[in-house]
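Quick one: the structure is below, and I'll ask about it shortly.
Chain nomenclature is as follows: A, B, C and D, assigned in order of appearance, with residue numbering initiated at 1 for each chain independently.
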Amino acid sequence: MAKRKKCIGILTSGGDAPGMNAAIRAVTRTAIYHDFDVKAVYRGYKGLFNEEIVPFKTQNVSNIIQQGGTILKTARCQEFTTKEGRQLAFDTITKHGIDALVTIGGDGTLTGARIFATEYNFPIVGIPGTIDNDLYGTDRTIGYDTALNTIMQAVDKIRDTATSHERLFFIEVMGRDAGFLALNGAIASGAEAAIIPEIATQEDQLEELIKNGFRKSKNSSIVIVAESPQTGGAMHVAELVKKEHPQYDVRVSILGHMQRGGSPTANDRILASRMGEAAIYALLDDQRNVMIGIRNDQIEYVPFIKAIKNDKPINRDLLNTIRILST
Amino acid sequence: MAKRKKCIGILTSGGDAPGMNAAIRAVTRTAIYHDFDVKAVYRGYKGLFNEEIVPFKTQNVSNIIQQGGTILKTARCQEFTTKEGRQLAFDTITKHGIDALVTIGGDGTLTGARIFATEYNFPIVGIPGTIDNDLYGTDRTIGYDTALNTIMQAVDKIRDTATSHERLFFIEVMGRDAGFLALNGAIASGAEAAIIPEIATQEDQLEELIKNGFRKSKNSSIVIVAESPQTGGAMHVAELVKKEHPQYDVRVSILGHMQRGGSPTANDRILASRMGEAAIYALLDDQRNVMIGIRNDQIEYVPFIKAIKNDKPINRDLLNTIRILST
Amino acid sequence: MAKRKKCIGILTSGGDAPGMNAAIRAVTRTAIYHDFDVKAVYRGYKGLFNEEIVPFKTQNVSNIIQQGGTILKTARCQEFTTKEGRQLAFDTITKHGIDALVTIGGDGTLTGARIFATEYNFPIVGIPGTIDNDLYGTDRTIGYDTALNTIMQAVDKIRDTATSHERLFFIEVMGRDAGFLALNGAIASGAEAAIIPEIATQEDQLEELIKNGFRKSKNSSIVIVAESPQTGGAMHVAELVKKEHPQYDVRVSILGHMQRGGSPTANDRILASRMGEAAIYALLDDQRNVMIGIRNDQIEYVPFIKAIKNDKPINRDLLNTIRILST
Amino acid sequence: MAKRKKCIGILTSGGDAPGMNAAIRAVTRTAIYHDFDVKAVYRGYKGLFNEEIVPFKTQNVSNIIQQGGTILKTARCQEFTTKEGRQLAFDTITKHGIDALVTIGGDGTLTGARIFATEYNFPIVGIPGTIDNDLYGTDRTIGYDTALNTIMQAVDKIRDTATSHERLFFIEVMGRDAGFLALNGAIASGAEAAIIPEIATQEDQLEELIKNGFRKSKNSSIVIVAESPQTGGAMHVAELVKKEHPQYDVRVSILGHMQRGGSPTANDRILASRMGEAAIYALLDDQRNVMIGIRNDQIEYVPFIKAIKNDKPINRDLLNTIRILST
C-alpha cells in the first residue's frame, strides 16, 4: 500500500506584515519540492475552528511575492487561548491529516504555537512576521524593512512641507514595545530626534532634546515618536512642547495603518523567501518548537521560548547618531 | 543711456503644493529667455516686508523640477491683509525695481494679489498652486494630481491590511471646501464610498450608504472622507457608524500632511511648466490681474475675480460610479 | 418562460497597458449592476478560437484595480485577420450566447473590431487601452499616464548619475508612431530635448539642437528619443552626435518593456473606470462600432473609423517649451 | 597663539551610488561636532588637481540625505594613477591645510587611496560606496540596497507585461565582477534563474536551467543576467536560447544606468550615516589606511589591502533557492 505523503499546514496570524505572502510562497513551494502535501489554513488559528482549510498547489502561490498583506488572511483568535479551544484545533488538524504546522506571525502567534506544540507534542515551526522587529533571536523580522521604508518616504513628503513652512513636526510611527521603527526611521529620514519606549520617560527625552538646543536655528524640525504607552504618543509629546514653547509652529502627523501594507521591499522578500525555505528544512531536520531566525546572514533555529521571553536589545548609540547628524 | 531691463518678481504663498518648484523654474527661465530680470521673493508676501529678495539666474532653478515643496518657502502673512501693510509691500517692490509679480498659490494668495493689483494698478499674474483643485477657471491646479496619487498609494497600502483583517476603514483626506481629492481618490483606490463637503450632510450620505447595503459581503470596506466641517471628518463619521453597527471592526486613518509633499507627478510638472511659461507670455501680452488656467488642454487667462468668487463644480455622477464599481 | 439575460463578452487585445484591469473591473461590475451576464474571453481574439471563455461575477474582478497588465492576458491573433477566422469567432460567440462585445486595446484591436462588427452586424464597443496615446477622438488613452510617470521616474534616476558624472544621455522611450511619451516625458523630466517621429528627420532636430547651443555649459544633458524608424532610436542618434562631438561623454539608455507595466496611476484608474462604465451605457444606448473617448473631461462615442483613420495631432509648441525651460 | 583646528577633506570618486550624499552629510556633521574643519573636494581625485575645494559647514549638507547621486560630483582621474600626479595632489592637500581625507567609492577609489596614503604617510579613511556590493570586509556597501530595490521594481513592472503576453524575458542588471545584484534581484522578483559571473560559464548555467525543465508550464519566465564578460550579457544569453528553442517568445531588457540613481532606501541611508560617523571616529582613533566596514551590524575597520585584494564570497545556495521557489 502506498505510504501517505506527509502534509504541512500553513497559516498567518496576528498583525499582517509585508512579505508574509513571499513566505507563504516559499513554504508552499519548498514543501512541494520536497514531496510534502500543503494545506493552507485561513484567518490564522481561527481557520482551525471554522475548518477553512484548502489544499495548496504551486499555482496557488503564483504572482503573490510582490503583494502586501496575506492571501491567507489573519485574525485574532480568542478560542485558541483556551484549553478547550486548542483541543478542538487539534481535532481539526488530525481530521485534515496535517502532520506539522508552519505559522507566520509575531509574538502572540509564537506564544500560541508554543503552548499548542507542547500540549500536543505537535511539530510547529514559526516564521517571524511583524513590522515591529521585536522578536529575539533574529536580526530582522519580515515586514520591518518595508515599514521602515514606508515611514521614511512619508517623512520625506512631510519634510517637503515642513521645510516650506518652517514648522516643528511630531510624527507618530508604530512600535508599541520596541523603538526600532522610530529610531531607524529617524536616522533614515534625517529627523532631529526619536522618542522610543526603551528609554525612561518621554519627558526626559524631550528635556534632553530641548536642553541640547534643538531648534536653535529657524529651520524646520521633525521628531519621530513611537506609538506606545511609554512615550504617550505624538499628540501627547506635541502638547508638552507647545506648553513650554508656545512660539513653535507645531504639527502632528500619525502615520497609522499604511505602515502595515505595501509591496514588500527586496530585503523583506529575500528574508521571507529564505525563512520560508528554511522552515521546511527545519521540519525535514526533525526540528519543532523553533522559530526561524537570521543572524549575521545565517539561518538559525531559535527555540520559541527564547524568541518570546527575551527583549531584543536596541542600539542606543544610534540616539546619539541622530543628535550629531541633525545638528 | 542703456534702458533698464524689466524685472519680474516671483513668490509662492499659502499652503505649499508639489509642482510649485517646476512653476518657479518655468517662470524664471522663460522670463530670462525673454530678456527680463528675475527676483525671487522668499516666504510669500512676507518677503516683501522682510525684504528677503534675491536675484535669480537660470542656475538658481537647476535640478528643482523633481522636488516637492517650494524652494522659495511659503508663509501666511497677516500684514498683507491691511492697507498699511500693502503700502509697505509696494514700497519694497518699488525699491527693488520689480515691475511685475508672478504669484503661485491658492485662493488666499490670489485674493491678496487681486486687492494689491487693484490698489496700486500693479501687474500681477497668478498661477494656481493648491492640492485642493478648488480654483474656478482651470481644469486642474498644480499639486492636485500628486496629492491624488499620494492618497491612492496610501489607500492601496491600507487596503492590504484591511483585506487581510476584513475591516471597515474610514480614511480622511484633505479638502476643506472641495471634494475633488476624496471623490477621485475613492474611484482611483476602488473605495466603497466618498463623503464630500459638496453633498448635504454626512448623515445623509452615510444613511444612503448603509441603506444601499454596503458591507453585505464579509469583505473589507474603505470609505474616503474629506476633512471638512461639512463632513465632520473621518473620526466623527466612524463613530456614527460604530454606534449603528457595533458589529463592524472599524478603523480610522488620517493621512495628514504627507498629502502636501512628495516629488510631483508628470502631470503636475507639465502643468506647472506650461503655466509658468504662460505667465510670462501673459505679462508680455500686457495682461494683469489674471490667473493662468488650463481648459481643455488650452491655456486661458482667468480674471482673478472669476477664479476666486466662483465655486468649481464637482461631477456628482462620480458618486454613482463609485457605488456601482464597488458592488 | 424566463427571458434569457443579455450577455456581454469582454477581452483585452494587443499590447497590454496599465489600467486595463481597472477597465475590466468597471465593465464587469457596471454590466452586472445593469443586469447583464458577463463572459471573459482570454488572450484577446485568440480566446474566441480556443474557446477560453469564462463567466465573470463581481468577485472575479476584486482587488485588481491596482494591478498592472491584464488578468485576461493578451495576444496577437493571426486568425482574426482572415474571413474564415472571423467566421469561426462568430460561431464561438453565438455558441456561448454572447450578445455584445467590449474590446480593450489599441489601433489594431479596434481595426479588428470594426471589420468584425461590420461583417456580422455585431455590437462592439471599444475602449482605448495603449500607452502610446495615439488614438484619435480621445484626449487620453488608458496606460499613457502611467507610462509617462514610469519614464519620468527612470529619467529622474538617470539624472542623478548624469549630474554626478556630467554626461550626455540619450534615453529611448516607446512611441513608434507618436511622440506623446517622448515629448511630455522630456518636459516632465526637465530634459534638454525630445526627438519625436512627427518632426521631419532626426538629423534636422539634432542640428537645431546643436545649433541652438545645447551643452554650452559643462552640465549634464538628457535627450529623450522616441523608438521609431523616423528617429532611428537613441543608439543611432547617439552615434551621430558622437561623430560630430567626440568630446562629449555620451551614454545611451533604452527604457524598454518596463514602460508597459506597473500599478496604474490615479489618472489611469479613473479614466479606465469611467470608460468601462461608459462602455456599458453605450450598449444600453444601442451604440455599436464606437470607441469610448474622453474629450474635455466628457465621455464621447467615437466611431471606430474616425478613431483609427485619423492621426492624433501633437502640440508642437511644447518642443519650444522644452528648449526654453532647459536653458 | 590659537592652535589651528584640524581639517578633514572629503570626496566621492568612481561610479556614483545612492547614499553617497547621506555619507557626505554624516562625515561633515560628525567632523564639525568633533571640532574639525571640513573641506569638500569636487569631482573625486580630480578636484585635487583643479583645486575645486570648498569649505563645508553643517548647512552645506542640509536636505541632501534623500538625494541620489553625489553633490560632490565624481569623475575618473587618470593623473592620480601616476607618481607625478599624486605629488601634485599632495601639494594641493598641503596648500589647503587638509590633515586627513575621507574618500567614498568603490574598488578603484580605495586602491588609489591606499597607494597615496602609503606613499605620503597620509591618513585616509575609506567608505565603501558602490552598488555592486563587491568589497570584502563589509556585509553591505552603500548603494547596493537601493539598486537591488530599483531592479526589483523594474522587474515587477516587466512581469506585468511578461505575464500578460506569456513571454520569456532576459533582464540584464549591473555587476561586472559580482553577482550580488543579479542573484538577490532574482530572488526578490521571483525570477526563474540568475546568471552570474561567479559560476563557470553561462552555457552551463543555461543548460542546467533547460535541463531542469524550466518553462515546462506555459507561464511567463524571467531570467536575470549580470552584465559581465563572464555571462556575455542578456542579449548573448537570449540568442543562445532562441537558437535552441525557437518556439519561445523571447525578449531582452537592459536596465542600464537607472540602477545607479534614485533616492536611497532606508537601509542605505542608515548604513551611510553610520559609516560616515564611524569614519570620523576612526580618524579620532588614529586609524588610517582603513575602510569602514559593517559586519554583523557592528562597525569594523578593514585595512585597504584586505578590502581590495579579496574576493567577496557569494552565497551559492541561493541559486538553489531561486530554482526551488520558482517551480
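Please note the rule applied: a residue touches a chain if its C-beta (ideal position, glycine included) is under 8 Å from a C-beta of that chain, and two chains touch if they have at least 3 such contacts.
Fair warning: this is a prediction, and the values are worked out from it, not measured in the lab.
Shared numbers divided by all numbers used gives the overlap of an interface; between chain A and chain B this overlap exceeds half, so the copies present the same residues. Centre-to-centre separation between chain B and chain D, using Cα means, comes to 39 Å.
Centres computed as Cα averages put chain C at a distance of 36 Å from chain D. In chain B, 156, 159, 163 are the positions where the chain touches two or more neighbouring chains simultaneously. Taken as a graph of touching chains, this assembly forms a single closed ring in which every chain touches exactly two others. Counting only pairs that meet the touch rule, the chains in contact are A-B, A-D, B-C, C-D. Residue ranges on chain A touching chain D, taken from their complex, read 25-26, 29-30, 32-33, 58, 62-63, 65-66, 139, 145, 148-149, 151-152, 156, 159, 163, 184-185, 187-190, 219, 263, 265-267, 269-270, 273-274, 277, 295-297, 315, 318, 321, 324-327.
On chain B, the positions that touch chain A within their shared complex are 12, 15-16, 18, 67-70, 73-75, 150, 154, 156-166, 169, 251, 253-262.
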